[in-house]
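Shared chain: chain A. Partners: chain B in the first complex, chain C in the second.
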Partner chain A sequence: MPNKTFFWFFLPTGLAMILFIGLPIISTGIQSFYAQHDQVVKEVKKCDPFGCTVSIVVDNEETSKIREAKPLGKFNGFGTYTDRNHLAVDEIKKFWNETESFGAFVDQVTNLPFYKALIFTLTYCLFVTPNVLLLGFIIALSLNAVARKIRGPLIFGTILPMIVTPLVGSLVLFWMIDSQGIIGANIQNLMNDPYLSLKSSKTLTWITIIIYGIWHHSPFAFVVFYAALQTVPQEPIEAAIIDGATRFQRIKHIVLPHIYPVVTFVALISLMDNFRVFEPIIGFSAEGSAQSLSWLIYDNLVNEEVILFGSAAATSMMTIIGIAILLAPVLIRTWKEFKTAR
Partner chain B sequence: MDYGLDTKSTRLKTFNTIFIITWLLIACFPFIWTFWGSFKVRADFFSRSDWWYAISAFNTLIETGGQFTTNAYTQAWTEGEFWKASKNTIIVTVFVVSISLFLGTLGAYALSRSTEKYAFWILMAALIFRAMPHITLVSGYLFPFFELQIWGILPTTIVVLVAINQPFTLWLLYSFFKTVPKELDESALIDGCSYFQAFRHIIMPVMWPGVITAGLFSLMLAYNDFTVTALLLNQENHTMVPKIQSYLGTNQHEGNLMWAVSAVVSATAPLFMLVMFFQRQVISGLTAGAVKG
Partner chain C sequence: MRKILVTLLFLLFGTSAFADCNIKSGSINILANDFPALRTFVETSKQCKGSADFKVTHSSEHNKIAVPALTANPSEFSARIAANSSIVPLMNQDLIRPLDDLVKKYGKGIQDSQLITIDGKVMAVAFMANTQHLYYREDVLKDLGIAIPKTYEEVVAASEKIRASGKMQYPYAAAYKAGWNLAEEFVNMFIGHGGEFFKSGSAEPNINNAKGVATLNMLKKLSELSNPDYLTHDSEAIKVEWESGNVALMTLWASRSGTLLDDEGDPNITKATKLTGPATVGGGNIPAATLWWDGFTLAKNRPDADAEATFRALAHAASNKKMVADAADQAVWLVEGFVPGPKSIGVIEAVKMGAKPYPMLPQMGLMHGALGSEIVEFLQGKESAEQALKDVEAAYISKAKEQGFL
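Moving on to the complex of A and B:
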């Protein structure tokens, strides 16, 4: 296709992506170097018969004037990145010097908001992704073994958790495992502990959100694996059966190597999706004990008094860097393949 | 798979059946339970004393005189203004699907027919854009949108959702267009068609399955979105998902939990119907990028 024709065909979608994905990323980058204005204060001298007192009050008029003149805020450089709510450079130095043991240091650091969120996000990715792959593969294998006639409805039932939005999916589960719901109440009876509830324990909350993640993402892995299983050639499997290979050996040596590219694809996609975990935290109202990077940004943006654009943007930039690190191996590999192909 | 030679032992078959039934229970029961509970009163579905009330409808009988009640639905749809939210959802979904299909088919067609290097780089860039968490993009939008005074209205949200949706639509349609033989449009070009005419009269008619799949995914994205709609729309223009969240209540005000339950059922039911109807397309879409690549 000639370049000119290509240009006109691609213009609308390219423009949409540049304007609303490319530019916002740059805008986020710029915002992250600014912070909201401090309030302007003035000294007010109040005199009464007993003498004069000087008090400091907020000058609202002056403050809003500055806000209007420079809506982006004051320039802050990397100040937002290094403050207590983000990388917390000073605090970490302080902890390093003050704490006795390494364990105590780690304890202190993981209590800082950014690191707390980072650890939750990574834990979530680390536990959800492999389990999603495993469960999805097992479901695909086992559905592949049932009669073709009843597969349709079974597949429909299997993909339900995937097609609802994460907020609804997590709410539906939350209403069941809450202390007043069917599963929560029964667990309380079983354990004989009337105070046992999701909110009371950090570990329980994390486990619940991770189980939710597996429940929500497994159907996607299932669908892809199921489709890939349909393309596995029959002859090598028949040969393996004649040679006396067990079922497990057949899966390990024939089926898995065949669908290997698909496994990396699913792993990549679910890693990307898991890294932005956010809605389940709202659905499970787990803000207290589980915070993710995306949730931190959301929390800054819905701040009641003044929206913390700078803070949200700094967290966003670091999230984007995180995504870039996750994607780097794939991009490098594709680039190498592309270079050798040329 | 029936391998012919492959004989399964009865034990394996039983085990397999039990596994599938267990999984289906885990996957579907929460939805069935919520549907059942939406016809009860709050004291039953979120019972403090005994969870069995949700089944025996103890309080529902006392409060309404029947086993089932549709109070939660009528209240959420009228008082809770869920009708407005669903109207907004319909507007957003219709526009997002049609615009993103229009842009996506044109762009993906060009990408699939280009032999230049930049086509590859555009696809890579789209992959990176696809990986961006939506909330980071929203934090980039908010400030400029406030300044331009286009925050809170439906058209802005529609355009943003279209753009966010483009990378995935491009990849999906690209892999579908690749399966249409090049000879088809080349012969049309020789006959004197322009590229656009070949696209419009030769390629589009054979592309319907792919377009339907891409449309379904745009629909699910627009319908299910929470991050963008919750932060870019004002209270008045909220779509269904942020509306459900507002029923949950916050620290400041008590929510109305039964409204949320009935709203969840009302929002999920059309989606399930749609997927039941188009199941084949959904699955072919999910696998299009994976199996071939």
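Moving on to the complex of A and C:
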């Protein structure tokens, strides 16, 4: 495609992307460097049906004056990024100096909210992404091998988890693993432990969410792989069969190399999606045991009566940076291949 | 013929009863939490909407939409039904208007005790009170010869006895869902221990002390007597547990008693469900509970005509003797003419025992938020009480600094 045609072709998309993705990110970035002005409070008498007390309120007249002068808030630089609820630079230094063993240091660090969330997010990515790729590929191969007549309904059944709204899917599983639900009660019986609860144990909650993640994301990998499998040329496979290659060898040496670019694509999308894991935490009411970076943003914005825009913006920016770091190896590789191909 | 006459008379009488409303213009849009008493309240105010436009949003997510919706100019809602805690963010952001003039002009039936005044200005009109208190199963306690618990220590002992008898595995329930609910239980228990959340006259936290540790230890003891999934249980979930007969002692909102004691569910359980005041803890004499009021506030960013129409409609409900008589079992109404019934025992006992109201402080929301996420690991047994309290204070301090309170 000539560059000029491409430009005009891409222009509407590009504009929409700048408007709806680029600008909001820039605005979030700016917001993350600001904190609220110092609150001007005053002591007043408050009366309610239960009696009167003297306590403090925010002095709105004074506050609105300061706000009008500087509507963005107080410039805080990287203050929000480095505070305890984010990168916790000072705390980590302190832990490093105070703790005696490396294990104790790690314990202290993983107790900080940002690192706690980061560890869950990374664990989730690390387990879900490869399993999604593997499971998706296996399903695609198996479905590719069954008779054409029953393929349609089977494919529909396989992509169901993707069609079900994430929140609904997780809620269904949430009720099943309840200590009185079908899975929860059976596990209690199996383990002969009436106190066993999938929801109260941190490890079991993590495992549940990861399994749910694999269940929910595999169909996407499957659909893409299945489409790619249709493009695998038959001649080399037939040749390999004549040469006596086993099924495994055929997949390893012919099918996989052929669909390799698609695998990279699915891995990329999957990683990005998984790094933003959010819905299952809400669906499973797992806030107590599992927090992800996206959940931290949500928590700052809605869970409290005071909205923490600075905190939420800082976590958002770090999530974007995190995704960029995760994707870097794959992107660099794709770029190199693109160059050598030319 | 006679019937028609009666109907006509009734209609005439009916319209004359609402004649003082007679709202000619303006538009009314109300944001409220979702429970039966509030629905009744809003429905009552709708009766006198006159020719004004009337809309209402009942949502349990009301806290999440209130501030953004009222910040817009003109704001989406003309009124917000708020409580002790949810009025604070509205005050902090200067989003609600003083009601003095409107009260003077249209608030004839409203009692002085219903007015929430801050710095001498009426900022809200309360119409019902709420608290969390004990519910017990009379049949279970009687069978085992257990007296009605008055303290949380007795609740623990009674629950242990019930468990030992083999009647129930998890005899106690309270809304311990990580987040707002769990933090609310901490607030109750901490106040029961005589704790103050902040050093006097400042926003410095003051929970990492002996009272805080005692609070956490009591919460842990109770959680061990609850269904192991307690960290995922909100008020609705424990209500279901109760109705399935799995629980014999429970701390729950007074406003939920209506649905707990209605005709749905097992009649034997409903019959044996009894209410009592909130328990005390640690030898203290004030209950480990907070008093709450629900009242209406009016948005600042809305034309005066809308505010006037909204106030008149809501004031009609907030002074409606018929409503409080008809819906006497839905809530403890603060409206004149309310005769407390058996379902109001909890709140009335709490007031008698000198329960404190939920602290209406500008920085309390941040403390509540920090508590909700940082004490979970202690309950799971992964952390010491001191460490958990230290984490709460540290999390609170970071947030308070960002918000400019420290």
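The criterion applied here is as follows: the second predicted complex is superposed on the first by the 275 of 342 C-alpha atoms of A that agree within 3 Å, B and C clash if a C-alpha of one lies under 4 Å from a C-alpha of the other, contacts with A are read in each partner's own complex, and residues count from 1 in each chain.
Here is the rule we go by: a residue touches a chain if its C-beta (ideal position, glycine included) is under 8 Å from a C-beta of that chain, and two chains touch if they have at least 3 such contacts.
Given the structure is predicted, the values throughout are model-derived calculations rather than measurements.
Chemist: Is A:T158 touching anything from chain B or chain C once the two structures are fitted on A? First, second, both or neither.
Modeler: first
Chemist: On the A-aligned overlay, A:S289 touches which partner chain: chain B = first, chain C = second, or both, or neither?
Modeler: Only chain C is touched by A:S289; chain B is not.
Chemist: Once the structures are superposed on A, label A:D178 by its partner contacts, choosing first (chain B), second (chain C), both or neither.
Modeler: Both partners, chain B and chain C.
Chemist: So in the superposed three-chain picture, is A:Y115 touching just chain B, just chain C, both, or none of them (first/second/both/neither)?
Modeler: Neither partner.
Chemist: Report the partner of chain A that touches more of its residues: chain B or chain C.
Modeler: The larger set of chain A residues in touch belongs to B.
Chemist: In the superposed arrangement, does A:V302 touch chain B (first), chain C (second), both or neither?
Modeler: Touch status of A:V302: both partners.
Chemist: Looking at the overlay, what does A:I320 touch: chain B (first), chain C (second), both, or neither?
Modeler: Only chain B; A:I320 stays clear of chain C.
Chemist: Examine A:A312 and indicate which partner it touches, taking first as chain B and second as chain C; both and neither are also allowed.
Modeler: first
Chemist: First (chain B), second (chain C), both or neither: which does A:V41 touch?
Modeler: second
Chemist: On the A-aligned overlay, A:V146 touches which partner chain: chain B = first, chain C = second, or both, or neither?
Modeler: A:V146 contacts chain B only, not chain C.
Chemist: Mind sorting out which residues of chain A both chain B and chain C touch, each in its own complex?
Modeler: Shared contact residues on chain A: 178, 285, 302, 307.
Chemist: Taking the complex as given, what residues does chain A use to touch chain B?
Modeler: 1, 3, 5-6, 9-10, 12-14, 16-17, 19-28, 31, 71-72, 138-139, 142-146, 152, 154-161, 163-168, 171-173, 175-176, 178, 180-182, 185-186, 215, 219-220, 223-224, 226-229, 231-232, 234, 237-238, 241-242, 247, 261-262, 265-266, 272, 275-276, 278-279, 282, 285, 293-294, 297-298, 300-302, 307, 309, 312-313, 316-317, 319-320, 323, 326-327, 331, 334, 338
Chemist: Report the residues of chain B in contact with chain A in the complex, numbered from low to high.
Modeler: 1, 3-6, 8, 12-13, 16-17, 19-20, 23-24, 26-28, 30-31, 33-34, 37, 45-48, 50-51, 54, 102-104, 106-107, 109-111, 113-116, 119-120, 122, 124-144, 146-147, 159-160, 162-164, 166-167, 170, 195, 199, 220, 223-227, 231, 241, 244-245, 248, 260-261, 264, 267-268, 271-272, 275-276, 279, 282-283, 286-287, 289-291, 293
Chemist: Mind listing the chain C positions that touch chain A in their complex?
Modeler: Result: residues 63-64, 67, 84-86, 88-89, 91-92, 94, 113-120, 126, 129, 169, 177-180, 182, 227-232, 291, 293, 334, 351, 356-357, 359-363, 365-366, 368-369, 372-373, 376-377, 380, 382-383, 387, 391, 394-395, 397-399, 401-405 of chain C touch chain A.
Chemist: Of all residues in chain A, which touch chain C in the complex?
Modeler: Answer in residue numbers: 35-39, 41-42, 44-51, 55-58, 60, 63-64, 74, 76, 80, 83-85, 91, 111, 113, 174, 178-179, 194-197, 199-200, 202, 284-289, 291, 299, 302-308, 310-311.
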